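Consider the two complexes below, in which chain A is the common component and chain B and chain C are the respective partners.
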Partner chain A sequence: MRICLMGFGAVGQGVAKVISLKNDYLKEHYGLELKLVAVTDSSGAAISQDGLDPDLLLKIKSETGKVSNYPEAGIENIDGINVLDKVEYDTMVEVTPTNIQNGEPAKSLTIKAINDKKDVVTSNKGHLALFFRELIELSHQNGVEFKYEASVGGAMPILNFAQETLPGNEIKSILGILNGTTNFILSRMTIEGSSYEQTLQEAQQLGIAETDPTQDVEGIDAACKTVILANSILGIDCTLKDVQVTGISRITSEAIDLAKKEGYLIKLMAEVSPDSLDVSPRLVKQDSPYAVDGTLNMATLKTDLADEVTVVGLGAGSVETASAILSDLINIWKSQK
Partner chain B sequence: MRICLMGFGAVGQGVAKVISLKNDYLKEHYGLELKLVAVTDSSGAAISQDGLDPDLLLKIKSETGKVSNYPEAGIENIDGINVLDKVEYDTMVEVTPTNIQNGEPAKSLTIKAINDKKDVVTSNKGHLALFFRELIELSHQNGVEFKYEASVGGAMPILNFAQETLPGNEIKSILGILNGTTNFILSRMTIEGSSYEQTLQEAQQLGIAETDPTQDVEGIDAACKTVILANSILGIDCTLKDVQVTGISRITSEAIDLAKKEGYLIKLMAEVSPDSLDVSPRLVKQDSPYAVDGTLNMATLKTDLADEVTVVGLGAGSVETASAILSDLINIWKSQK
Partner chain C sequence: MRLNMVIELLDVPGQLLAALEPIGTLGANLVTVIHQREIKTERGLIPVQITIEGDTETLDLVMNKLNELGFRVIEVDGNILKETINTILIGNIVDRDVKDTMDQINQLKGVRVADLSLKMSEEPLHSSARITVEADFGKKKDVLAKIQNIGKSKDFLVISEV
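Showing the complex of A and B:
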């Protein structure tokens, strides 16, 4: 499978690591060989129809910051869209930064790849939260696969879980913790009794919160994931503007202490149901499946037969998130054999 | 799909309920019609090549206690093995009581059905814990499906989860709570500060613990499930005698209190790894995925790429466990189309 990897940040580098680590395993178990024929970052691209060496890509990125420095195959200042025209490939893996204003560049890259009859795998949330239906319909019209396991919950395999493990069950609603940064902040506030501001700063120092933490702490990231789950699992036609969102920036250590004394924790919960698309802080019982700490994500599916089933996993991480991308690639491969 | 349902206790009745509830859904979504052609209990059987009415079966069982009272189709004192010769069927659903002495009658029923080239779905643990390899190999030799999602964790879809949602990952080990009765007892002792004996009695009154609670409280039920996970997910060739087992009957309320003060809970954990097959009480951190209360089951898979992923679900329940059997039936149906 020839892959154009659009974006070479943490997740993109994770994809290269996973390909390097697992190529033998994939050949043996699935007869699948993943070949990187193009990789882009903000500096440009590296393109080679014969395949790029993932380890060399990682080395050059780490040493020079630019994939365009790849020997012979590097091209400076080339646009992602143009890269897709310069090389023959089967699947675009799109891991550019999430943009919730207009979904770009992910949106244009995805539309082009799909129109060119290529399969697409993404970890991006922006274009899905804004244009889910349009993009899915376009993929159907073109008869290609469009997969996005990594876009919700990183390494937590919530989409595969909902679609593959419970056949015969109807999923009625979902309640989950879909943002690791806020879960880390609330967990630390609970354990240490520290203030929101203090804990946010700590999270920023650890690289768990970004310099501008708005998307995480105001619940926008969780809302994007809410849209993706609503559309893909519950068939609810919605976009980001349909989600009611309240963040965690007004949660005080006093509120957390009060809850704790009564056996509760405060968590930023996303509710996905036909009646409610909502991201907001809620009380959850200690020792319930909702009471996971640190940067973990979780989602509980309410079903008609199996009652409540829950999946928990790491919401972020380079190789961890790339493993969700790998599962999409393998599923595409298997469906085409 | 014509089904012989062997056993009509809680799980068997759940299967009848699920067929009644979901027949239209299954036809619409999968083109699958489940037809009960035989049902057995300790009184005998009801057999009809035209199909038995699941609602009437449930009514007769509830009113008279015997499926052999089914009008016209009822037969008293017929042996399960003989039932399999009296009717044409596609799949045996075997839900007789677990027997860890010799795996009977599940073992003989399963061997006969497989040798007759029938697919088999079971919720039974005894024959799997004692003869896993033999039974799986026999099913391979005969080219039939042999599925057992319901045997571990009831409605918690651990086998589908491990096999379907994480392609590309290698599962290194499993750590889980595989027995709902002991988890209920330990959770109540933690919340109420009550003694083991007192809490066991409460669980017995609620029908959560059996009159003879040995298999649950001494860890034998969890050990059976450990064997099934070890063989099916990790490929470890083992049987019940290979599992190190310590139960919960010596856990004191003082020990639980001490743990609680340090932020820990005591749980009966099953460890499944190439180095260790072990069921024993362990300390787990509050607010970790291991800290689920009540009759919930959970299992954390340690993987090479996605790190730790966890699934949580109800470990028992009539319709809930039947939903796991239904998922096996659907997967057999899909694989044969």
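Showing the complex of A and C:
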């Protein structure tokens, strides 16, 4: 399978690492060879129809910061759309930054790849949260695969899990913790009794929260994932503006203390059901499945036959997120054999 | 002795049988069962009226067993059972708000504020209060909607139970 990898940040580099690590395994078990024919970042691209060496890509990116410095195959300042025209490939793996204003560049790249009859795998949630229906319908019209397991919950299995492991069940609602950064902050505040500001700073120093933490702490990231779950698992036609969102920036250590005394924790919960699309801080029982700490994500799916099923996993991380992308690639491969 | 109760069941095959099973097994007599599938409780479940007969001890055993099996009894002999609802408010909470908030909640039928705990923050705009409400089964939605409303009008962050 020839892959165009759009974006070479934390997740893109994770994908390169996973390809390097798993190549022999994939050949042996699935007869699948993943060949990187193009990789882009904001500097440009590296393109080679014969395949790029993932380890060399990682080395050049870490030493020079630009994939366009790749020997011979590097091209400076080339636009992603042009890259897709310059190379023959089977699947685009799109891992550019999440953009909740207009979904770009992911939206245009995805539309182009799908119209060119290529399969697409993404970890991005911006374009999905804004244009879910449009993109899915386009992929159906073109008869291509469009998969996005990594966009919700990173390594936590949920989309493929619901569709492939629980088929036949009607999923009535989902209640989950879909953002690792806020879960880390609230967990630390609970354990340490520290203030919100102080804990946010700590999370930033650890690289868990971004310099501009707005998307995480104001619940926007979780709201994007809520939209993806609502559309793909519950069949609710909605976009980001349909989600009621409250973040965690008003939470105080006093409030957490009051909750604790009655056996509760405060968690940023996402609720996905036909009556409610909501992200807000909620009280959960200390001994419930919602009481997961640190950067973990979790989700409880309420089903008609299997009752409640809960999944837990790491919501972020380079190789962890790449593992979800790999599962999409393998599924596409298996479905085409 | 006779006991009338209402229990909540999921609308899936086998649920009613599973709930009735311990009654016979534990030695109580089943007198009547009224199962109206078209009525739903607040949680979207079906209320089933069951009347059983037996000595006090047996009836106690049955009630415990039903609890253990996860069936929710919402009414016994015409008395609606209570449930506890906890919420936390964060904001510029002053005495006047506390009293007013309690009054507004207490106005709901079958609902009363059972406990209240305040914690002033160094930053007065971010004080917290925990309100524990005791309400008849079925009132939870009303209570939460009321508290959300109060929160909106007073600019409190309302943190309610999942």
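We adopt the following convention: the second predicted complex is superposed on the first by the 337 of 337 C-alpha atoms of A that agree within 3 Å, B and C clash if a C-alpha of one lies under 4 Å from a C-alpha of the other, contacts with A are read in each partner's own complex, and residues count from 1 in each chain.
One rule holds in what follows: contacts are C-beta pairs under 8 Å (C-beta built on N, C-alpha and C of every residue); 3 or more make two chains touch, one makes a residue touch a chain.
Since we're looking at a predicted model, the values are computed, not measured.
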{"item": "Touching partner for A:Ile236 - first (chain B), second (chain C), both, neither", "value": "neither"}
{"item": "Touching partner for A:Asp293 - first (chain B), second (chain C), both, neither", "value": "first"}
{"item": "Contacts of A:Arg282 with chain B and chain C, given as first, second, both or neither", "value": "second"}
{"item": "Partner chain(s) touched by A:Ala10 [first = chain B, second = chain C, both, neither]", "value": "neither"}
{"item": "Touching partner for A:Thr246 - first (chain B), second (chain C), both, neither", "value": "second"}
{"item": "Partner chain in contact with A:Ile136 - chain B first, chain C second, else both or neither", "value": "neither"}
{"item": "First, second, both or neither for A:Val87, with chain B first and chain C second", "value": "neither"}
{"item": "Residues of chain A touched, compared between chain B and chain C (which is higher)", "value": "B"}
{"item": "Contacts of A:Ala259 with chain B and chain C, given as first, second, both or neither", "value": "second"}
{"item": "Residues of chain A contacting chain B in one complex and chain C in the other", "value": "304-305"}
{"item": "Chain A-facing residues of chain C, complex", "value": "12, 86-88, 90-91, 117, 119-121, 123, 126-130, 132, 157, 159-162"}
{"item": "Complex contacts: residues of chain A adjacent to chain C", "value": "175, 246, 250-252, 254-255, 257-259, 261-262, 264, 266, 269, 271, 280-284, 290, 304-305"}
{"item": "For the chain B and chain A complex, residues of the former touching the latter", "value": "18, 21-22, 25-26, 30, 155-157, 160-161, 164-170, 187, 190, 265, 286-289, 291-293, 296, 298, 300, 303-314, 317, 319-320, 322-324, 326-327, 329-331, 334"}
